[in-house]
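Have a look at the structure below, then the notes.
Each chain carries a letter (A, B, C and D) given by its place in the written order, and its residues are counted from 1.
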Amino acid sequence: MHSFADEEVEELLRQVALTSGYNQWLGARLVAAGNGQVEVELPVRAEMLQHHGFVHGGVIGALADNACAWAAASIAGDVVTNSYTLQLLAPTSASRLRVAGNVIKAGKRHVSVEARVFAERDAGDPKLTAVALASISVVSEGSAA
Amino acid sequence: MHSFADEEVEELLRQVALTSGYNQWLGARLVAAGNGQVEVELPVRAEMLQHHGFVHGGVIGALADNACAWAAASIAGDVVTNSYTLQLLAPTSASRLRVAGNVIKAGKRHVSVEARVFAERDAGDPKLTAVALASISVVSEGSAA
Amino acid sequence: MHSFADEEVEELLRQVALTSGYNQWLGARLVAAGNGQVEVELPVRAEMLQHHGFVHGGVIGALADNACAWAAASIAGDVVTNSYTLQLLAPTSASRLRVAGNVIKAGKRHVSVEARVFAERDAGDPKLTAVALASISVVSEGSAA
Amino acid sequence: MHSFADEEVEELLRQVALTSGYNQWLGARLVAAGNGQVEVELPVRAEMLQHHGFVHGGVIGALADNACAWAAASIAGDVVTNSYTLQLLAPTSASRLRVAGNVIKAGKRHVSVEARVFAERDAGDPKLTAVALASISVVSEGSAA
């Protein structure tokens, strides 16, 4: 179904990244990952909303950050987010978000990744809610911040 | 203690922003706010950590986003985050984070804000962990994304 | 050849944007523009290089900024760049750059646009050199910074 | 006059960075540099303007990029810009710009730097025109993009 999927990468992400305290709270589901691409979906809960009832930008940012880091990890192994720019394009009160992360270019030290966050809707196509551009650092022996 | 503090602004933020579902979960404490500046502290819990035991970038991003939006709101009223760039400067496993948000320039449509996130330490000065630069949109009658 | 091309948009950009002092100096050539997309090529001259002989990041940034603003203008009329994030992915000493700008989402107040800058090569495919994510503001009656 | 000035750093920047083709064209003047800080001023010429008569964002971006890279170089030696986010806060038709670059944090691999670009005015204080947040990579033996 997802031509980019790589079972080994998915298994590693499920064992390592998804079991952390934060991701346990977030409850994002890894749909597919591999070869520089990931797709993740997130059921939205009340504790993810800001005061107007929209999904909090921090949750959208975390989802985008995860997607970028995992897409980079799928081809570069151990990585850490260096920076990202998040544009919040439209507020959403959807009950389910979906994010696609795609590696733009993988260098020796940095991986450039973009993510697009969509709000699922009962009728009609998903609606683009946010976009991110990230620089992910490759963790190599002896490297540091 | 905080020369920028404005009690009306602080009261409004506590009644509106801090009571949202997400901020109830986050548990950040508003130390002071007013005149384009805010200081917020966050007790770190296990459900905020990533798989290496460091605070997840999404939590740091949300904290920075809050600080930028609230600093903007303290002088511009109703606002919404348009975009932000977050640089994660050093991983941290501190039990308490502190963020300072400062308005750089307030225009009619956009407020430019920076935030610096520090890890509190038992001994020594707080350690700079992340920095953000945000563009916050002023919500006015008839405006939209 | 470029399915997105719109002759009226191209004519307007050539008359307005391309005749400014800076763009006269830059010497970029509008290949095609319309419907939220643009393609621009730039012959590189010695006065565009930094001290290692690579194209200066400021030239690449200007090229990306132009591509983002023009792509936004092709569907939103008068616009002004609000912010952009530029990632310099690989240094280049190519004699010709090419940039593609694409609107990601057009809102009433902001247009989100991405640009990809490629170095042309004598042999082989163009090489991705830089990527940008921009937020372009729509200029409307009575609007201001 | 500038407490951060370091004559060796200034000499090196003048011999290396300022003699490149692009910086010869730009004509920026290094006011002071050292210890993670720089100040640069730029006389604006007609070939730096966009079609409304304001300084082109690409020139402002190049000036900010230079300031960030030079501030980083003043403490980290050979560096290359990895990415930067530029916010254009207000259009300017000033005949002289001034930029201050300041290192926020210097790590082993990345240096975080901010820059503020001001328009000089005949009367009154300089006006903040743009702000940038950059991630500058330290070039070390064997490193690559």
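Going forward, contacts are C-beta pairs under 8 Å (C-beta built on N, C-alpha and C of every residue); 3 or more make two chains touch, one makes a residue touch a chain.
It should be emphasised that the depicted structure is a prediction, and the values quoted were computed from it without experimental measurement.
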How short can a path of touching chains from chain A to chain C be, counted in steps? 1
Co-neighbours of chain B and chain D resolve to A, C
Most remote chain, CA-based centroid, reference being chain A: D
Between chain A and chain D, the Cα-mean centres are separated in Å by 33
What's the distance between the Cα centroids of chain C and chain D, rounded to whole Å? 22
Can you pull out the residues of chain C that are in contact with at least two other chains? 82-83, 85, 87, 89-90, 107, 110, 135, 145
Residue numbers on chain C that touch chain B, as the complex places them: 82-83, 85, 107-110, 135, 137, 143-145
Complex contact set, residues of chain A against chain B: 16-17, 19-26, 45-51, 56-59, 61-63, 65-66, 69, 80-91, 145
State the interface residues of chain D toward chain B in the complex, per the touch definition above. 85, 87, 89-90, 104-105, 107, 110, 112, 114, 116, 128, 131, 133, 135
